[in-house]
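In the two complexes below, chain A is the common chain; its partner is chain B in one and chain C in the other.
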Partner chain A sequence: MKYESQGIAKLYFIAAIALFVGQILFGVTMGLQYVMGDFLFPEIPFNVARMVHTNLLIVWLLFGFMGSAYYLVPEEAERELYSPILAKVMFWIFLVAGALTILGYLLVPYARLAELTMNDLLPTMGREFLEQPTITKIGIVIVALAFVFNIGMTILQGRKTVINVVLLTGLVGLAVFFLFSFYNPHNLVLDKYFWWFVVHLWVEGVWELIMASLLAYVLIKVTGVDREVIEKWLYIIIAMALISGLVGTGHHFFWIGTADYWQWFGSIFSALEPIPFFMMTLFAFNVVNKRRRDHPNKAAVLWALGTAVMAFLGAGVWGFLHTLAPVNFYTHGTQITAAHGHMAFYGAYVMVVLTMISYSMPLMRGQKAANVNAQKHEIRSFWIMTLSMVAITLLLTGAGIMQVYLQRYSADPLPFMVVQDRLAHFYWAREVAGLAFLSGLFLYIYSFFAKGPEVADVE
Partner chain B sequence: MGSNENQLKKASQASLVSLLNLTFFPVISFILLLIIYNKTTTENIDRYYAVIGIKTNLIAAVALILVTALMILLGGFDSPWTWVYVISYFVFVHALFILFATWTMVRSWTGKKLTKSFLSK
Partner chain C sequence: MRETFTKGMARNIYYGGGIFFFLVLIGLTVDTVNRLPATDNRENLSEQVIAGKRLWEVNNCIGCHSLLGEGAYFAPELANVYTRFGESTEAIKAFIKYRPVDGVEGRRSMPQFNLTDEELEELAQFLKYVDGIKTARNWPPNIQG
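Let's look at the complex of A and B:
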């Protein structure tokens, strides 16, 4: 670790991992509720568990992105962070606000929570993934602005590289697009437009910039390949991500009451969306092949390669599977969407944050890389979590295909709940895979505490 | 152009058409792969990658034939299970073939052989 202020990332990473555990616990709970509807009812109803599962995902990924930026930017900018104190204060504000919001979801009925937080003054609640009370949303904006200011000032006063400028662009986009969540028009079609301007332009737009820059940074560090080579790849990847992803928002406009031309725009541009993910795979493979050194942190290299591969599969292949309008007509809102969502979020964003943690955590703890045993455990946890996620995705895909066929395609369509009953064996198997994922996550956490011989100092 | 550079170029071309056969241009690309194979010499890096390409594509083809056979055995297009297997096969197993072909293509650019692969034997 070259700069003392990089150490702030540790706080963010620890919070991110703790919230990740919470997210998976609620996921496993919800998985069981699919097959045992009364499980933990009325204490934790399905809709609340789902809200907590998705909100925790967003919050912990934001913690992960912020921690990654606080680690990466000082080193790229070749100077200390503009204001380490501001970063620490914002960490506690964000953590307390996040925890209070989750407790609010769990302890207070949602309608009452809306009343208590004065949602009627500026109504923003009630939309999927953006359920946070208005006051929390205002808190998120304050934290995001302070964060972007801190990172931005560090970069402006320091060295500007392609990596930190792309990262800053992604982070500014993240903050700006969140502002659409404050506009809540009465017209439902308009409402859906603005809702997607947050959700889609985050995950299939600016978050891809953040992901690509983080991956590029780790690959430079672990392979020693020339910065120029990696920067050229980065330019092409982000160009393709924005060209395909921005108009690709149209794949959410197929059935919300918009004009027919969105079926063409949405289909064509989102069919291009696998390209940046494929290029990311090509980029990671190519850079690792050209590596000039064998970095002692094998786990970080594995996470980096895994990110590229799993993002291509989850976001690219599984996204393409149901993105064309004639296919989406049947698959919209089925378990196929859930399959895509799980693997895409894991492959693209969870794994890139874990890549950054894997690379930076040992350095923040004064090591070149984690000790031999710790890396063994971490690599095992990589495979357990990744293979469990593949299993979850395949099982949800199977369930989704059956659902489409029985509920929407066959000559004698069955009602929703009857079909859900028929999918129970898929859901049971998914629950087992979810528990396996949780065990992989516990092993991952254990790896930070494992003792063992230090790795040879190669550099 | 030296012989090594020429071999590298052919190795890269062989890997590329192998990838194209698995994605956008099946059959035509395989014919091109066979033509490239014919122009290579034993023990050279271009022959090595042409052979890997041919083996990868033949295994993918056999797997596709098996999936088709399963389709017929499982009740044809009218059974939802057929679609569960076929779609899962394409999005996962065939995608892995594509990823493997991508890896070999990138590896061929470096002029090195694969380190661990039964296909390279």
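Let's look at the complex of A and C:
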């Protein structure tokens, strides 16, 4: 760690990991509700658990991105953060606002929360992933603007590298596209159309810029490969992400009452969306193979390779599986979507944040890399979580294929709930995989506290 | 990558491609919005339907159900529920109204939202309006959603 203000990232990362635990606890709760429908009913009905699960994911990833930016940007810009105080104040504002929102979901009925937060003044609640009360959304905008300002000023007054400029572009895009969450027209088709300007343009657009720049940064650090080579890769990866992903938004416009031509635009462009992820995999392995040094932080290298591979599988391959309109006609809104969503978010965004944490946390704690035992536990937790997520994805895919056949494709389609009962074995196995994931997460957290010989001693 | 392909070229593809396809997306968006009146059933967007959409939102229905295939996959698709329930808003209202407060033992159950008769009518009218949206290939594939 070269600059003192980079240390602020630690605060953000600790919060991110704590919220990650919350996310998974609610995940396994929902998994159980899939097979034991009355579990925690009516105290925590499924919709509440799901809202907490998905919102915690979004919030902790945002903490992860912000922490990553606070760590990365001063070093790239070769100067202290513009305002460390602002970064600390925003941390507490975001944490308190996030915690209050989650408590609101859990403690009062959602309709009452809407009333309490005066949703009627500017109704934005009750749409998937954008369930936050309007006041929370305004808070998110304020935090995001302050954050982008802080990062932006640091870069403007410092060295501009491809990595920090691309990261900044992604973060500005994140803040700008979130503004569509305030647009909630009465017309459902319009509502859905522009809802995707937040959701798709985040996860299949600007977040890919953030992911690619974080990955590029860690790869420079752990491999010592020439910056010029890495920056060229970075440009071409994000170029392909935007070229495929922008019009690729159309794969969400097949069946929501929008023009038929989206079946062509959406299918063709989204079929290209695996390309940037495939290039990321090539990039990561290529660069690691050409490494000029063996970095003592083996765990960070593993996470970097892992995120590239899993993002390609989850976002690329599992996305492609159901992205062509003739296929999507049958799979739209089934467990296939859930399968894809789980592996894509884990592979691309969870893992890239964990890559940054893995690389930077030891440095912020005054070590070159975590001690031998800590790395051993971290690497084991990598495999437990990753393989559990593979299992979850395969099981949901199995459930999805059965669901599509029984409910949509067979000559005698069965009602939704009848089909769900027949999928119970898949859901039970998925719950076991979910619990395995949780155990991997606990081991991951334990790895930060494990004692052992320093890496330098064994080298 | 080979030396003939320079970083400058990669950068130009990124900026050029990004800006070009963003403009394409905007162009297609303008065209799509202009074509919506033919399919989006806006002629039936009554005050009741608008109130029903708000009820749909503030009760977080999307947290369990899907609507036009989007949402959660825990409970049935509702974009065609009006058709599935025999084109009867009364049937939709009765279903929502008589959900048991404590659920059904061992089964998934919809919460009891304690809606007034007026609210039930608004919500049912909203679902009827959604059923009237003309989707490509008449999605969902069949009445089961």
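By our rule, the second predicted complex is superposed on the first by the 456 of 459 C-alpha atoms of A that agree within 3 Å, B and C clash if a C-alpha of one lies under 4 Å from a C-alpha of the other, contacts with A are read in each partner's own complex, and residues count from 1 in each chain.
Methods note: a contact is a pair of C-beta atoms (placed from the backbone, for glycine too) under 8 Å apart; a residue touches a chain by one contact, two chains touch by 3 or more.
As the structure is a prediction and not an experimental result, all values here were calculated from the model.
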(Q) After the overlay on chain A, what do you see for chain B versus chain C, clash or fit? (A) fit
Q. Where does A:118 make contact in the superposed view: on chain B (first), on chain C (second), on both, or on neither?
A. neither
Q. Touch check for A:89: first (chain B), second (chain C), both, or neither?
A. neither
Q: Determine how wide the angle is at the CA centre of chain A between the CA centres of chain C and chain B, giving a multiple of 10 degrees.
A: 100
Q: Scan A:397 for contacts with chain B and chain C and give back first, second, both or neither.
A: first
Q: Check the contacts made with chain A and report whether chain B or chain C touches more of its residues.
A: C
Q) Between chain B (first) and chain C (second), which does A:408 come into contact with in this model arrangement: first, second, both, or neither? A) second
(Q) Let me test your reading of the model: by the given contact rule, A:424 touches which partner, first (chain B), second (chain C), both or neither? (A) neither
Q. Which partner does A:290 contact after superposing on A: first (chain B), second (chain C), both, neither?
A. first
Q) Between chain B (first) and chain C (second), which does A:165 come into contact with in this model arrangement: first, second, both, or neither? A) neither
Q) Where does A:233 make contact in the superposed view: on chain B (first), on chain C (second), on both, or on neither? A) second
(Q) Under the stated touch criterion, which partner chain does A:312 make contact with: chain B (first), chain C (second), both, or neither? (A) first
Q) Could you state the shortest Cα distance, in Å, between chain B and chain C after the structures are superposed? A) 10
Q.
Need the overlap of the two footprints on chain A, from chain B and from chain C, as residue ranges.
A. none
**Q.** Partner chain A, residues of chain B touching it in the complex
**A.** 80-81, 83-84, 87-88, 91-92, 95, 99, 102-103, 106-107, 109-110, 112
Q: Name, in rising order, each residue of chain C that touches chain A in their complex.
A: 1, 5-7, 10-11, 13-14, 17-18, 21-22, 24-25, 28-29, 31-33, 35-36, 39-42, 45, 49-50, 53-54, 56-64, 66-77, 101-109, 111-113, 129-130, 133-137, 139-145
Q | Touching residues on chain A, where the partner in the complex is chain B | A | 278, 281-282, 285-286, 289-290, 309, 312-313, 317-318, 321, 390, 394, 397-398, 401-402, 405-406, 410
Q | Interfacial residue positions of chain A with respect to chain C in the complex | A | 30, 33-34, 36-38, 41-42, 45-48, 50-51, 110-111, 114-115, 119, 123, 125-128, 131, 162, 184, 186-190, 192-193, 228-229, 231-233, 235-236, 238-240, 242-243, 246-247, 249-250, 252-260, 262-263, 265, 329-330, 332-335, 337-338, 407-409, 413-417, 420
